[in-house]
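Chain nomenclature is as follows: A, B, C and D, assigned in order of appearance, with residue numbering initiated at 1 for each chain independently.
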Amino acid sequence: MKPLDFEKPLDELYAKIDELRRLSAEGQVDLSDEIASIEKRAEKLRNEVFSNLTPHQILQIARHPNRPDTFGLSMLVFDDFVELHGDRQFRDDPSIVGGIAQLGTHRVMVIGHQKGHDTKEKIYRNFGMPHPEGYRKALRLMHMAEKFNMPIVTFIDTPGAYPGKEAEERGQSEAIARNLREMSGLSVPVITFVIGEGGSGGALGIAVSNRIYMLEYAVYSVISPEGCASILFRDADQANYAAEKLKITAGDISNLGIGDGVLKEPLGGAHNDWPHVSETIRSKINEDLKRYETMSPEEVFQERYDKFRSFGKFEDPVKA
Amino acid sequence: MSIIDWFNQREKIEDRSKKLDIPGDLWVKCYKCSDILYLKDLESSKKVCPSCKYHFRITPEERLQYLFDSNSFEEAEDSIRAVDFLKFRDTEEYKDRLEKARKKTKHADAIIIGVAKIKKRTVNVGIMDFSFMGGSMGSVVGEKITRLIELALENHHPLVMFTSSGGARMQEGIMSLMQMAKTSAALQLLAKKKIPYISVLCDPTMGGTSASFAMLGDINIGEPGALIGFAGPRVIEQTVREKLPKGFQRAEFLLKHGMLDMVVERQSMRDTLAHLVNVLDPHRKPV
Amino acid sequence: MKPLDFEKPLDELYAKIDELRRLSAEGQVDLSDEIASIEKRAEKLRNEVFSNLTPHQILQIARHPNRPDTFGLSMLVFDDFVELHGDRQFRDDPSIVGGIAQLGTHRVMVIGHQKGHDTKEKIYRNFGMPHPEGYRKALRLMHMAEKFNMPIVTFIDTPGAYPGKEAEERGQSEAIARNLREMSGLSVPVITFVIGEGGSGGALGIAVSNRIYMLEYAVYSVISPEGCASILFRDADQANYAAEKLKITAGDISNLGIGDGVLKEPLGGAHNDWPHVSETIRSKINEDLKRYETMSPEEVFQERYDKFRSFGKFEDPVKA
Amino acid sequence: MSIIDWFNQREKIEDRSKKLDIPGDLWVKCYKCSDILYLKDLESSKKVCPSCKYHFRITPEERLQYLFDSNSFEEAEDSIRAVDFLKFRDTEEYKDRLEKARKKTKHADAIIIGVAKIKKRTVNVGIMDFSFMGGSMGSVVGEKITRLIELALENHHPLVMFTSSGGARMQEGIMSLMQMAKTSAALQLLAKKKIPYISVLCDPTMGGTSASFAMLGDINIGEPGALIGFAGPRVIEQTVREKLPKGFQRAEFLLKHGMLDMVVERQSMRDTLAHLVNVLDPHRKPV
């Protein structure tokens, strides 16, 4: 697996350690002191690198090809995930997947973007960029969840809704808009985890939720930093700078009052340890579901409504 | 993402009704058919080109004047002001952009809201202003729309929105994205209360605006030729690597694809709206 | 306009009368006695022909190219009809049209099939054979009607739902099935007029109604007589016989308890006098709307439910 | 209209599991891959061809045996009988067709209904029988389905339907069409009461059956290779004047087009249904 750019010095140290170990194992010389010393340096460097990541570096982790995905988490976090397909209108969109799963005594509807890992799957899943029918499938499943009183968990990981010809023809705007309205009215709780890339309306279309958690190295943005740079700065190379200005990291999203918490990832990023991340997510869901059990459908609705109603920063001398 | 095209075209856009400064009189060149039009004629035809029916983009004031009973508009919530909470700076600071836009448009932000009468019936009305930073939706636009909907929830009069927007306002980052959800959530309450909502999609209605309140009318009306879509044409062309056919994402195209109830010329808009408001109004006492 | 087969003798008499009139008018001879006599014979023949129509002849009238259509009736029966378009998902299907109209102080949602008259319009409207998006548009309008408490009037005139490739791909079955279920649950009254051809599921998809009226020469059938003949009789020429066996005429439909009344057409058929038919329909609607004003939404729902629940003929020794 | 193909193919269809009378043993030829299969093997594989996975059409009894707890089925409403109220006669009288079908299938009509247990959970179950007049839906089929739904409305157990039908029963004219609306209306009540409904669409599910209760499951499951559609393939080919592509209107095609939640092999059907019933059952006490 190719390391990310900023991981390279770290990677070189690890390679060195491996080499020394091999030599040691061959029994020619005892290098344990040297190995221990380099390991210490590597550990230190690693901590340094990961405690000083720029937003753009975080974006790279968020987009890591081995990032945990909806299918993986559905299997690891829950029991007995059964995928359900189709919007009942036009097509089953593979870039949004969903199904029923269990978590202890709870039944939940799981819905999320699926980017795909190898080239073939990526193309099949359109790199996680949904067409309108993806949002419509999601909505169908959410209405089913509401009917059978199941909490909904959504996993967000998309560059955005697909900006293609047929997507426009079939009403990309309509599909997303309808989801925003309908999700806001659900009587069951919706818990969202931004697990990778939270790309604009394409993410929001399944994220009008009671709780929005960000994995530590996930991002959530109104526009991709590259897009923003090329529009506002007229210079795609300014993406680094745009990533910073847009405030897209888990910490920023929480500081702005939109995220409800940052979920710590294993050192080096979630792609190194899916089970670890799954455990974190599961305990968060369990905690929340316990809370929602004590709330009425009306209270669940109101909590989500109030949350989104409060979003916005402005001055209002009259009502201040 | 759709706002991309609009920012790229910024100058071009603002040029659309470029005044030709011919001494003595004021003439305008039609953006579509290039006819040179006498400004007074153009104004008396509600800024629709007499030759080719091109619908010029108009200001909120013009829209009020063309469509509503004279002087019936009472503006609401006009004290809310945008703040640069991200300290956003691209080629310019957000603060300065706001300042310039306010000077240019004489509005505080990219929308005005209030109540107005149309053929004596009261409606709650919101009118977006594309010339204010591309009609982009930030916290203020989202908040004003939401308060307008809340006003409708109180007074039970129909809601009529005129949209014209490139999408979300990037300078407010994720907060602008959330305005999509906030406004749509408020519309969910409106729908539950069965208060009619007519959305009039004007040129252009793109991105986050199109993908939220603009598309959620009980009745969606398009202005002729209005560009309406999620992604901007240029982004789509880059993505699919082909040229888009003529008329793609225009109001007539959306009508054919089932997204609009009708496309109505500006000349008939007042009659159409008055009729629909009359038919749908839950108050519905004869005026 | 070409006369229907069985109208030909009648048509010849009328031609004769016209000729005599022309001669008379030219002033050469006084033919008023002869004219009166032939007119009497024509009148008699006409009554004979139209009181002894076979089901297959009625089918021809039902399919008459100048049969009153949904647009025509929307204009003539109601005031201020405004067409509304689109399913908000895929396409505006021109073979089902709908919109809001007024009738006195009532507002109604009008929905119906539109076959088209000239060749160009027929092709545009797919000969009144809807795709799934037609049913989905109809359902959208019906839900709008329910939201704003408007009674619904539907006009039925279709050979059937379109049996095409794309219609299947986009879920013709799903669209019709959903309409049947959703219509049955509406809280506003639905009044249906079968104005021409009531073609199977394509008709039923907008006809789960509180009241089902048949124009005198309209038909309603589970399958076209031609289709039935070619399947069951393996002989398309048996369509005449199949038309008889299937019991498709207004009288039959009412006798079977499905139709709520036969609306008299002007002699010679509705295509001769649209305003006459419109008047009949209008007064029927007015009568019904008066009744529904006294009923609660629950009663309106229940009336329709009970109606359809009762459909079926079988022996049941246990419950008998 | 979809039933057309099915009637045209009548003989062919009934041939599908034609027994080859080789003395001594009973052998069957696979309809799809033409392999010669030993009947006992075929039965132990739940009538799925071991070579090509072709799912043979099976009788209601076989379905009960393969999918539900042994002897758990209790039939309901088995006394209802069709009547020839139109005195319908085509090449044969309806009365005689009914008589023959009853003799052949040992069933009163094209469906059996009742309650059964699947891994100890009670469900309301309806199983259609294609070998009874092409599984066509007349008054009796419609009435039994409706009563089954009413049973579910009383006992609150999930409803599971296995459909296999060419569509409406022409011999009952308009009355058969009305069964589409009657059954769908009953499902509307079921949905209101939030009682889960799983529809298993088996080969074939066409016309009026497909366009009513079969498509209305909270979860729609297809059997592999099942033909499912509104219009029959032959009618479509005549209409559009082209040959349909391979796989058109098969369960896998419908899955891709968003109409089915899943396609489940007969071998896994019992597990899948038991799991879904368990997850969706509103009673949902541990068994």
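What we mean here is this: a contact is a pair of C-beta atoms (placed from the backbone, for glycine too) under 8 Å apart; a residue touches a chain by one contact, two chains touch by 3 or more.
Given the structure is predicted, the values throughout are model-derived calculations rather than measurements.
Listing every chain that touches chain C and chain D alike gives A. Looking at B-C and A-B side by side, the one with more C-beta contacts is A-B.
Per-chain Cα centroids separate chain A from chain D by 42 Å. Between the Cα centres of chain A and chain B there is a gap of 33 Å. The geometric centre of chain A is 54 Å away from that of chain C, both derived from CA atoms. Residues of chain B found to touch two or more other chains are 191, 257-259. In chain C, 88-90, 170-171, 174, 178 are the positions where the chain touches two or more neighbouring chains simultaneously.
Pairwise chain contacts present here: A-B, A-C, A-D, B-C, C-D [touch as defined]. The touching residues of chain C, when paired with chain B in their complex, are 80, 82-93, 100, 102, 107, 133, 137, 144, 147-149. Those residues of chain A that touch chain C in the shared complex are 88-90, 132, 136, 170-171, 174, 178. Considering their complex, residues 191, 194, 196, 218-220, 255-262, 272, 275-276, 279-280, 282 of chain D touch chain A. Across the interface of their complex, chain A is touched by residues 1-4, 7-8, 77, 79-83, 85-86, 88-91, 139-140, 142-143, 146, 168, 170, 172-182, 184-189, 191-192, 207-208, 210-216, 228-232, 235-236, 239-240, 242, 244, 248-249, 257-259 of chain B. Within the complex formed with chain B, the residues of chain A that make contact are 160-165, 167-174, 176-178, 180-182, 184-185, 200-201, 204-205, 208, 220-224, 227-228, 230-234, 242, 245-248, 252-253, 256, 258, 304-305, 308-309, 311-318.
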